[in-house]
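Have a look at these structures, which come just after this line.
You will see chain A twice below: alongside chain B first, and alongside chain C after that.
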Partner chain A sequence: MSRHAWRVLALAVAALTGLAISACGGGGGRDEGGAIGTGAPVKGKKGGTLKALYANDLEHIDPGEAFYQPDYMMVFAVHRPLYSFEPTNLEVASPDLAAAPPKLSDGGRTVTVKLKPGVRYGPPVNRTATSADVKYAIERAFTAAVPNGYAPTYFGIVEGAPEPGRKKSTDIKGIETPDEETIVFRLSESSGAFVKALSLPITAPVPEDYAKRYDAETPSQYATHQAATGPYMIEAGKDGRITYEIGKRMTLVRNPNWRAATDFRPAYVDRIELTMGNEDTTVAARQILRGKGLINGDFPPDPPVIKDAVRRRKSQITFAPLGNRYIGLNTKVKPLDDLNVRKAIIAASDRNALRLTRGGPIVGDLATHFLAPGQPGFAEAGGTKGPNLDFIQNPDGSMALAADYMKKAGYASGRYTGSETLTMVGDDSGVGARTAEVFQSQLQKLGFKVDFRQVPHDTMFSKFCNVPEARVAVCPNVGWLPDFADGQAWFDPTFSGESIVPENNSNWAQLDVPAINEAIDEAKKITGQAERDEAWGKIDRMVMAQAPAVPWIWDNQANIASSDVQGAIARWNGQWDLSFTSIK
Partner chain B sequence: MVTYILRRLLWAALLVLVVSFVTFVIFYALPSADPAVLRAGARSGNQALLESIRDTLGLDEPWYVQYAQYMERLLFHFDFGFSYRTDAPVREQILDRIPATASLVLGAAAVWIAVGIPVGVVSATRRRSWIDRIAMGATLVAISAPVYWLGLVVLYLFADDIGRFPLFKGSGSYVPLTESPAGWFGSLLLPWLVLAATAAAFYARLLRGNLAGVLSEDYIRTARAKGLSERAVVWRHGVRSAITPVVTVLGLDIGILLGGAILTETVFNIPGVGRLAFSAIRGADLPMIQGTVLIGALFIILANLVVDVLYGFLDPRVRIG
Partner chain C sequence: MTTAGVDARNEAAENLFATETIQSGAVTARTPLQLFWGRLRRDKISLCALGFLVVLALIAIFAPLIVHLVGVPGPNEPDKSTLDSFGLPTGPSGEHPFGVDGIGRDVFARTVYGARVSLEVAILATALSVGIGVIAGMFAGFYRGWVDTAISRGIDVLLAFPILLLAIGIASACSFGRGGSSGCLGGSVKPGLALVILVIAFVNWTYMARIVRGQVLSLREKEFVEAARSLGASKTRIIFREILPNLVAPIIVYTTLIIPQNILFEAALSFLGVGVQPPQASWGKMIADAQGSFDTAWWFMVFPGVALLLTVLAFNLIGDGLSDALDPRSDR
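What follows is the complex of A and B.
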């Protein structure tokens, strides 16, 4: 018996494992015809419950603090900033709480916004939102209780704007509210980006009379008592405190005081349940694809799931062009301080191989410069083909061209023969780690010695790549998703020498070229869209000519939904728009 | 006995202090993310903002001052502080998560005891039989299967949403006991089985080895010579003696898992202490890391104490003075 029993047992285990593995790989559906979902908004059916699965918790749900994509997904369904983007529009934000586009006067230094009458807060505030509420919302974002990352960047030019981190909110003299439906911003200089920044959630009204007691605490507790102006509100308990279970779930229900006539959002579904903690995103993605009423929240599906969905469930997956990914080359560190060395590295880069680490062509187009497709200034920067620079032309890399540039840099063999070792700090897990490893081998082909340190993603930024003093030569896992679709939001933080700061620095290349800095300063003042596009397109070409980074992909963010969900993608955020998505 | 327990509790308090200190030192010694930067948002390099956040969170003080302040709040106010990431009180968050972890761990422990001990006894009393071989082969497979892998396999096989044979509730279906006892039971069946599989196998092998040794002791022969039934010999005299090391391991296992069954909670999306700790570590959320580590340490220490006290009842040779 014994030998036979073992054999039977082994076969049983093998069969069970095989079954399990086939189950893991199988989407369970046949090859589906038709096209991949567009994510365009269509007229939907009213009612039903939509469920969004999140891997992690939301970071910040206070409109004064919210900053990340997953937060925006929820915040823009609950709050109404002065302006916000309709799902398919990247360039021009539509009036939301505002009644009409802003009026610019005084050479663009005065911005006047009229508010819609009759936009009311949900319970427990139950009153009309006023211009004073918008002023207070902006002022509180400069306090320590409501730490906001972008307030000083875009609203620091309002006359009288304080340094961030104040103990108490201060009256900003440059924000005037002559009546309840008018708000006037007086700026120290004209700024095209300021007008676009009025679409950020910092401009969503906060009722001072109600919120003050919560803002008196540091950190503010308004997030868990917030009042909604949007079509949805966070379900509240009897005590008025919202029933948000951190790390578990949040439920959005209809705001009884919201009036459809004042809003461009159709708000189809009655109820939206956000479930956090789906950290095994493969399981979560399969639940979405096979389940009912589900969409992905903060996580993109893994490459195998994307491939499977593209093959078998085309209508349930959609791709949204979003930001870019690039490899930062520190222009202040030897030998990368030599322009020819940087050009050689870009020339040698096999961007196709880098893209394969994320899943291949379906996850994005190969980048030839920085501004992504669909963004203002993209065509002016050279479009898909790019700025016609030889070192970025070959998607598979050209070792011959790289050798030429190395020779120009003084390395006669066409390979690096110096004594410096390049310090590279990248992700320690996931697809980011694979990208970094592929790039490491590409550097080694050119003769570089690489000291590659792998650390968690947040550590990579906050302790290494974002800290100039750390003197990291290569940051292989960086990229940019702008705050809104505008060249300033793309280039000012990332390639202006004036943006280099000792901590949390986003100019990873530490590029500090006076001509580029001046061009950025000038472009910031332009208020006309066409002129802005031209200026930022030109800046993109100027930056690319300095070879401060290897742009390798313009991301397509994959989003998935259950078969009964009529999903609409907010193109400006790259994620589902909860207010435009419906149940079939 | 009371003196002994009091003495152990005092040692426990000291141990918790040491654990908290070591956690603090590790957090500052190893390169982790900067909480102030995470709080400000990935792109804010504004120094005034970063300084104000550090001031708010107390991060501008030297680490030993931060530690002293933390301990002062903890010891005199039982205040674990606020999460750097969510602003939520740490104590509230942990207490909120304990029922889910306790449900998972205690239920799984019941399963692994119910399976592991009988299998161990049967294997020990029928050594080299086909039952013994199948049982020990199966335990070897179960011990070799990582919880994470096993969890995914059973989900893809048996979960009612993504499984081939939709028999059990899947990931993310956890319902608190107070909300629906039936829902609670149904949602935890798969996690219990997965978490219990390895432990049951290990306990069965451990007990088999111990019991086999005990059953060849002289006093067992004496018991048989006195005419006791085989069942009484095995269970009353054999198992009682052989189970002492199993109880030791059981205490430790339950203590460790109550501090967070991270993998099982993650695969099945059970909102327990383990997942909270995991998120805290990834988010450089020191107060939450401290809170979960301290709670974990406390559970282990208490479980050890309970085991030591139990020894006295199980084995007359061990008496606590």
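What follows is the complex of A and C.
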């Protein structure tokens, strides 16, 4: 045996040494001093190339389909909806393709928008965008070729709006275009959210004459032949087809037909390169911090990187408050159908421990209800302190209170002693997996048996949490980022019983309480801002009293940039604003 | 080098001893077991490995007691006070000798409990694959004909599967149950340790079967088998009473070589997320969890990594030692 054994031993020693050496690497860097970046837009110089690193591909690039944060980051540099948000403004959108704020008449049921003259498409279309193009953009979003997630939610009240998923785009009678620069929306009822929804990319013009042949296919091929109205356009070949290598890269170049005088975007850099497939986000984040001209695209930096940046590279990291995270408790599944059991679970949950899985206090405030700070209705919902409910008061959780609620639910020992096993489906990697494991241990402390299934994040949604039929009891990795800052965008999709759908359901708690459904329906119709805030704040309290979820953090989204990047954060999107970021 | 010298000297001593016994005329018969033990005893490296495995087995059996005596929290109890204000784990200290992991669980406790998973897989998966392999191999070799063809072709088909992909496929298929049911085949197969053991047994019996079949093919022609047959012994008796005892040496040797392979296979599956399910601790899973933070929290990967390395090494060394001790003539 001798020689063989020694060889094995030698290999083992070598492996151990290698391990020890690599363990000692890392570290270094200097203390920069200064303050954490604010992400406020600063006047910069023109020129240069900005590079954004993405872990995954963009979900959608068609303005009619774009829905997620990373989509928006790109789409709002390439397309101009009627209204859009300036980086620091979260509540009121500025006229973009529109010339002025919308005019409401007829008790809020008629909305008239005037367009700016002289906003032109980039090549190959090269003509002025008209009101008819906006009308077509909305009509196509109701077809199966352009699956849009929110068209029926906000534009379904336009008179003559069809059911979504049509084979061909149909003329919506309630959208009128008396001339090329005027568009009039006729609504079946007044709506406070409609005006705000005009800032969604669905209102970015699409030239019907050019787009029609691409939209004739299902799914539409317009995404790969799109015509830009914004300061940038996706680099395209001679045939108008964009040069976008899925999973690899996309390049934005200046739109030659864009005129700075018509736009509030300064558009400093000449070229923006989006690189996808940076799946090792720790490596990508370190590249950004140490490299040149780089920003993060779709991934937040991991806790070690945040710590490193906050200590040594303060000016290269910035935090943007946006959205919330909660743990959905399925109110249709035993034993969570019992309100007292849900209250006990919330009372037992240690939100401080949950927050540490994402990076501690710097990545957000502990949530006491749903509406996030800075959002309209936040103060009315109870502010930072939250509603006066004992089960959400203790940030570290209270096992004594939890036991009380379990007793009220009929479990004399104060712990769960029933036969049901809770099915929990969560992330299989990253910070999400850690959050889920911590929550699993908290459920187990209360006596629950937990069947925790780990799957990729998108599978968690598409196969489990978004599918009521899957009967998942606990969804630990959900949260909400509203389409725009408004209570309706927060609560209608997430806690209205009328929003429960067989696929793509986002009412993860499957909460269906008639009083709440009615309150939501009533609040939708309110157009005055103060009354609206009051109504949605009250709905937040009503929902929280039902204990359908454990809200645990109001996100403070971390973004990082190289030292030569003068970055600006789009507060409404929680990510870098490509049109306001410059190279020093 | 030195061991080679020692071996040679031992060999010489043995010969001398053998001659002496013959000269003295008092022939003491030594059973094969005594011979085997005598040879193994002189192999210091194998004995060290064996000692290590005995200690490991004790650690696994008494894991709760050890964790209690050392005074650390249990393996599945996250403690947020062990994390800094950025949620990053703290390193080895008096309270947590191996440090804590990403959510504040004690790495020492998890490493100790991880030994249970590794040894369970080592014992159960190996026993299953050896059991199936030996029986299939004996039948194929003894009956030949269509039985041999069926079994051998079956083995060929199994060997053609990309094993890791198959395991990942089965495990993920079993985690996508709908309608509240978890697992596949009506909830009877659930992702977790049991599934891992089944998958490993399913793919690993083939090696054993091939080796046993080859041995049986030659053994069945030996005189003692013919003698038994002519005395009217039944086929079952011939297979299990005449042939099987002669297979013990190769079976033991290959078993000890399959064990480390199985432990690594479990670690690989858990590393890929289809092995043991959270919060259960397994060395492979711990290493996977540590991936993202290795440069800031080395303890989180090093301790389970070293445990895995030493265990696999110990089994390999034992296997080596056993094969030498059972069959010293074999030229390795």
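Here, the second predicted complex is superposed on the first by the 556 of 584 C-alpha atoms of A that agree within 3 Å, B and C clash if a C-alpha of one lies under 4 Å from a C-alpha of the other, contacts with A are read in each partner's own complex, and residues count from 1 in each chain.
Note that in this section contacts are C-beta pairs under 8 Å (C-beta built on N, C-alpha and C of every residue); 3 or more make two chains touch, one makes a residue touch a chain.
None of the values given here were measured: they were computed from a predicted structure.
When the shared chain is aligned, chain C comes close enough to touch A:306, but chain B does not.
When the shared chain is aligned, no partner comes close enough to touch A:329: not chain B, not chain C.
When the shared chain is aligned, no partner comes close enough to touch A:565: not chain B, not chain C.
When both complexes are overlaid on chain A, the residue A:277 reaches chain B alone and has no touch with chain C. Once chain A of one complex is fitted onto chain A of the other, the partner contacts of A:451 are limited to chain C, with no touch recorded for chain B.
In the superposition on chain A, contact is made by A:506 with chain B only, not with chain C. By the touch criterion stated above, A:463 is placed in contact with chain B and with chain C alike.
In the superposition on chain A, A:440 makes contact with chain C only, while chain B stays out of contact range.
Looking at the shared chain after the overlay, A:74 reaches neither chain B nor chain C. In the superposition on chain A, the residues of chain A contacted by chain B and by chain C overlap at 1-2, 5-6, 9, 16, 19-20, 23, 282, 455, 463.
By the touch criterion given at the top, residues 1-6, 8-9, 12, 15-16, 19-20, 22-23, 25-27, 282, 302-304, 306-307, 310, 333, 350, 352-353, 355-362, 423, 428-430, 433-434, 436-438, 440-441, 444, 451-455, 463, 467, 469-472 of chain A touch chain C in their complex.
For chain C in complex with chain A, the touching residues are 1, 3-4, 7, 43, 45-46, 76-78, 80, 83-88, 102-104, 175-176, 178-180, 182, 191, 273, 277-279, 292-298, 302, 305-306, 309-310, 313, 316-317, 320-321, 323-324, 332.
Residue ranges of chain A in contact with chain B, taken from their complex: 1-2, 5-6, 9, 13, 16-17, 19-20, 23-24, 53, 56-57, 59, 67-68, 144-145, 147-150, 152-153, 163-166, 218-221, 223, 245-248, 275, 277-280, 282-284, 286-287, 290-291, 455-456, 458-459, 461-464, 466, 483, 493, 499, 501-506. Within the complex formed with chain A, the chain B residues making contact are 31-34, 37-53, 55-56, 82, 85-88, 93, 96, 130, 133-134, 137-138, 141, 152-153, 155-157, 161-164, 170-172, 266-267, 269, 271, 275-276, 278-279, 282-284.
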